[in-house]
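Have a look at these structures, which come just after this line.
Both of the next two complexes hold subunit A, though its partner changes from subunit B to subunit C.
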Partner chain A sequence: MLRRKNLRPVAQLTIPTWIFLALVVLIPFFYGVYISFLNINLASFLPPSFVGFDNYQTVLAASETWSTLRITLIITFIGLLTQIPIGILLALVLHENLRGTKIFRSILITPMLLTPVAVGLTYRFMFDTDLGVINWALGSIGIEKVNWLGSQTSALFAIIIVDSWQSIPFVMLLVLAALTAISPSLYEAARVDGASASQIFRRITLPLITPTLLVITMIKIMDFLKLFDTLFILTRGGPGNATTTLGLWTYKTGFVFLEFSRAAALGVIITIITLPVYFLWRRASRGVR
Partner chain B sequence: MILKRGASYSLLFLASFLSLFPLFWTISTSIKDRVDTYSLPPKFFSFTPTLKNYISLFSLEKFWQIYSNSIIITLGSTFICLVIGSLAAYALARKPRFRGRTPLEGLMIAIRALPAIVLLLPIYKLSSYLGLYDSKLGLILIFAGFNIPFAIWLLMSFFEQIPVEIEESARVDGASTFKLFTRIILPLAAPGLVATGIFVSLLSWNEFLIPVIMAGENSKTLPVLVASFISNRTLDWGPMAAAATVALIPIVLLTVVIQRWLVAGLSSGAVKE
Partner chain C sequence: MKGKHLLKGRNFKVVALVAAAVLTLSACSSDSESGGEVGGEINVFLIPSPSSTSIQSFIPEFEAETGIKVNVSETPYGEAHQKQLLSYNQKAGAYDIAQFDNTYLAPFCQAKAMLPLDSYISGSDEYDINDFGQGQQDYGKCKGETLGLTLSTEPMIQWYRTDLYEKLGLTPAKTWDEYYENAKKVQAAGFGGQIMGFGPNVSWWWMTLVWSFGGALYDENLNPVVNSKEAVAATDYLKKLLEVSPKGAITATGDDTTSKFLGEDIGAMLNYSGYYGMALDPSINKNAGNIGTAPAPMGSADTTHLAGWNIGVPADAKNPDAAWKFLEFVLGKTNSVKYLESGAAAIGRQSIINNADLVAMNPYLPQLEIPSSSRIERYPQIAVWPEFEVAAIDAVTQVLTGKQKSQAALDALNEKLKPILAKEPKS
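Then we have the complex of A and B:
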């Protein structure tokens, strides 16, 4: 027994990791909270002073905070409704293990690996009103030109399309893992009892992958809050602020308008919004595996 | 069997087409002449390929510096992630309970959960005090910090597959902990180290928000260069597509190599406690 105990690696091995995580998470986080109570403006040379909750009051009273939060929620909601069903469908088809499944799986996960900035650029070209291949394809089936990135509704659609293109593989992979974990004997028993394919899906598959779907939903909500690269390339939050999410608004507040302390206050608010999602995610992930 | 076999295949082919078309379109635009790029209907195959766009991209004053920045920062941060991450992953994989495990995992998850901008605002301010703004070393350290959790999650799954008995017999033969780790554990986990290394370097290679905030003229990386094309008034799609292709090609090549481990990497951290 004693020897076995000695064999265990020691917790000290995690010290270097602690140092790095302290440098990029712990210290910045508390420093960010501290900044949010000062009045730092990057364009001003006055020494910062303590202003209490002023930044929070300003930020919570600003209409942009609420309109960008609303846009974040719209993107999240429509994005989830698009990505989860398509991800499930693709996972189901891959799970059938048809000939060539491995190759198809490799092809289908490619989009999630590609540099988001380069992807955004490609789509921006494809969404171009006059020269874009998307409008050309729509035109050839008789649909009039859409100024994709020019109006709020169509720009939001474009953003959701690009994010879906990169995110559906993630949904697909997690659902596929959940499907693989279901015992084939359950399906056999159901088939012996004469259950139809849709009955099997609703009564067996869906309930068994529900924990995974919850995990995916929580992770995706957090990822929509993080959305930055493709959004930055496609519209930069425009026209105006019509497609600016809360995360992008925080960036603009800090690095475009140089209101650093206000941006820090927005950061704290985003953290508070993330917390319940985070706890639901940890809870849901206990139900998986 | 939800769908008929024919319907399944049609769906797979459609999805594959949609997955690959943008990649194909970027690469083909990058080797088109201006006239072909702007022609309608679009030219899919009937054009004479040219290297013009690449030549004008490579002759950009800062291109090679930016390209080597990207490589240095990617390799440097990946190296740190592997060294530090493998130590922590080994402890986490072999020792289920120790003081500090829960908060450590909490911090790792915080990186996955929080929008990076929340942490990058204060990091920006702190690093200008430390003189790490616009420095490659600063970017290497920050990239490493943000990617370590993914390295640990992935490495843990490989360490867990190594049977404890092997370590026990090595220990009986008198191996020290250091020897045990470097001579036995690491070689056995070599495929895992390679896969993790490639996966983490992919994350670094693609990273945009960190360098866009933390890099000035000296330490700019490829994604920042690619993004900077968009702010030009005259959008010139050819060189832009060439820049995007230069960023994308290494990924496509690497992922073909690590196909086998990719799935584990892509879902890492999602469902593990």
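Then we have the complex of A and C:
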């Protein structure tokens, strides 16, 4: 009874937040689910009608849905394999508190502060085959020009480079926080027992930062699933649809083809794909706490 | 504390009466406007472009002359048509004039979103429709009705470097074979042979070639025919041109293509004449004085790919008469020279194309004279064009990047286009 009484002011105080969240998250979400069962095409000017699961059938039968999902998974997989090890490595170096660490740390987090659109535009010029600084640098050491954004493999590679440049500082900061939380006495005891640096890392550091790494992995997977701005500026999903992710395909369906209901169905599918990641993230977060 | 009870009792009644009186008066005034003389204000929807900047430069003079207030809202291209469609869907009457891309003429036409302007045009000596060639008179027409005036005339033309061509003894190509041979010779001399946008806008060039090679995108029954032998030959030729293009052309957009041609040493370019404004900008054009233009080379069919903006009056416009007055003022014959001089892409009026002073400043103007023998091809007038175009770009890119042969890629594209074209409303 007392607990319920104490809870009442808390509930009252959070009501505005719940209302706000309902307005900006829940209502659009349920509206999105609702229109995925209609046939809204902005250019048709016809009154929308209920079409059941037609939009879901159409998008699941379309080869683009699967090819863009495959591209999304490739970017996610290679991105994670790149960003997490480098982030851990940088965090370990910074954790040593060597001379100049503070300046180095400030410099390293700068990419995180930049807007993805600005980063995409800058890199687009840097990757330009004929005028870009990257090919100029490669040329100056005798390497032939690379058509960075002109083929699927190199364009995907370029996207991962740009995203990694922005995301590694995030991984590094979280791992650094996890490293700071490890008691120094554990390391001292290990050293007294004669453990090597690699044994210390494998037996103490890695197990203790694993919950944080899981959280990072889940957040990054969600980030990759909604990767849009950098990608849009850098390649627009090209050449052709070779770097179009599921998110970018949803955008094209909605805002280029004006097929709003079909895009809503794709949005629901993305949500369904993301749900297991969300639940894993929640489990991993509990581990961190 | 007193203010808290300001709208109670007697005060509230007074405020309510005043508000009701104001509303009634304003309703009366809008009634008199719609039925009486042209006046009031108009809302103009523009898309950032040289044409939009030029239109806006006329507003002060127009307002002073007519007393009609002009409000402008600009929306970037990426969202402009979606915003217009939303507004027309809701019959919001938000705009009295709207600039739009010719690709959207078909959906606007199907939705009856734009007001037919034929009665205004036929009654206007100032607009003088006969000052346009037949193809351009038809440019904003859908199902026989003019839904948009021509805001720019932009045929796909051949651009070339006069200095490089002179040095190598070349003349602008008349056929596609000549175009390739010229590019090869320029490349052999150590320059870029030619450039066009093989990137996200490759459909512009692909369509031009398909039409010029005698092919088509779909037949009269809306069945796709993109795997015809003509379309395959056009696609093979497009791929062949990659060999004589700078490496970066594979990702170039329309803007990139023009920037590279104007900023680097490349023999020729195929592009819309509307980009000539960039050639007049010394910060972009490093080759000023050395840019020549000629008609696009000809294939087995004499076609001209014509593009350009339209501008019209939405069907739900609140003040269509005032809107027409503004369009007539800006795009009429009297101000046509001023319009071009203010930086807009040219409108292909005969009086402009044949003006020697203007041609001296804008040497590309004669290219806007499209011979009557040439069949004008516009962007496909179908509502499903955006989806069609994305599928086509993907297929053509497969060919350009060497992943598929032309015939196989176009066969697959043809199959993919069938359900897309099937969605096109038949009426």
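Convention: the second predicted complex is superposed on the first by the 279 of 289 C-alpha atoms of A that agree within 3 Å, B and C clash if a C-alpha of one lies under 4 Å from a C-alpha of the other, contacts with A are read in each partner's own complex, and residues count from 1 in each chain.
The criterion applied here is as follows: a residue touches a chain if its C-beta (ideal position, glycine included) is under 8 Å from a C-beta of that chain, and two chains touch if they have at least 3 such contacts.
What you see is a predicted model; the values in this text were computed from it and never measured.
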| item | value |
| --- | --- |
| Contacts of A:51 with subunit B and subunit C, given as first, second, both or neither | neither |
| Subunit C versus subunit B, contacts on subunit A by residue | B |
| First, second, both or neither for A:195, with subunit B first and subunit C second | neither |
| Partner chain(s) touched by A:131 [first = subunit B, second = subunit C, both, neither] | both |
| Contacts of A:241 with subunit B and subunit C, given as first, second, both or neither | second |
| First, second, both or neither for A:255, with subunit B first and subunit C second | both |
| Touched partner set for A:122, first subunit B, second subunit C, both or neither | first |
| Touching partner for A:113 - first (subunit B), second (subunit C), both, neither | first |
| Common interface positions of subunit A, toward subunit B and toward subunit C | 131, 255 |
| Interfacial residue positions of subunit A with respect to subunit C in the complex | 42-45, 128-131, 145, 147, 149-152, 235-236, 238-242, 252, 255-259 |
| Subunit B-touching residues of subunit A, taken from the complex the two chains share | 3-4, 6-11, 13-14, 16-18, 20-21, 23-29, 31-32, 35, 40, 89-90, 92-94, 96, 98, 100, 104, 106-119, 121-126, 131, 133, 136, 140, 165, 169-170, 173-174, 177, 197-198, 201, 212, 215-216, 219, 222, 225-226, 228-229, 232-233, 247, 250-251, 254-255, 260, 263-264, 267-268, 270-271, 274, 277-278, 281-282, 285-286, 288-289 |
| Interfacial residue positions of subunit B with respect to subunit A in the complex | 1-3, 5, 8-9, 11-12, 15-16, 18-20, 22-23, 25-26, 29, 37-38, 40-42, 80, 83-85, 87-88, 90-92, 94-95, 98-101, 104, 107-123, 125-126, 141-142, 144-146, 148-149, 152, 164, 167-168, 171-172, 177, 181, 202, 205-206, 208-209, 212-213, 222-223, 226-227, 229-230, 237, 240-241, 243-245, 247-248, 251-252, 255, 259, 262-263, 266-267, 270-273 |
| Residues of subunit C defined as touching subunit A within the complex | 78-79, 82, 85-86, 88-89, 107, 110-113, 199-200, 246-248, 250-251, 260, 264, 383-384, 386-387, 390, 393-398, 400-401, 425 |
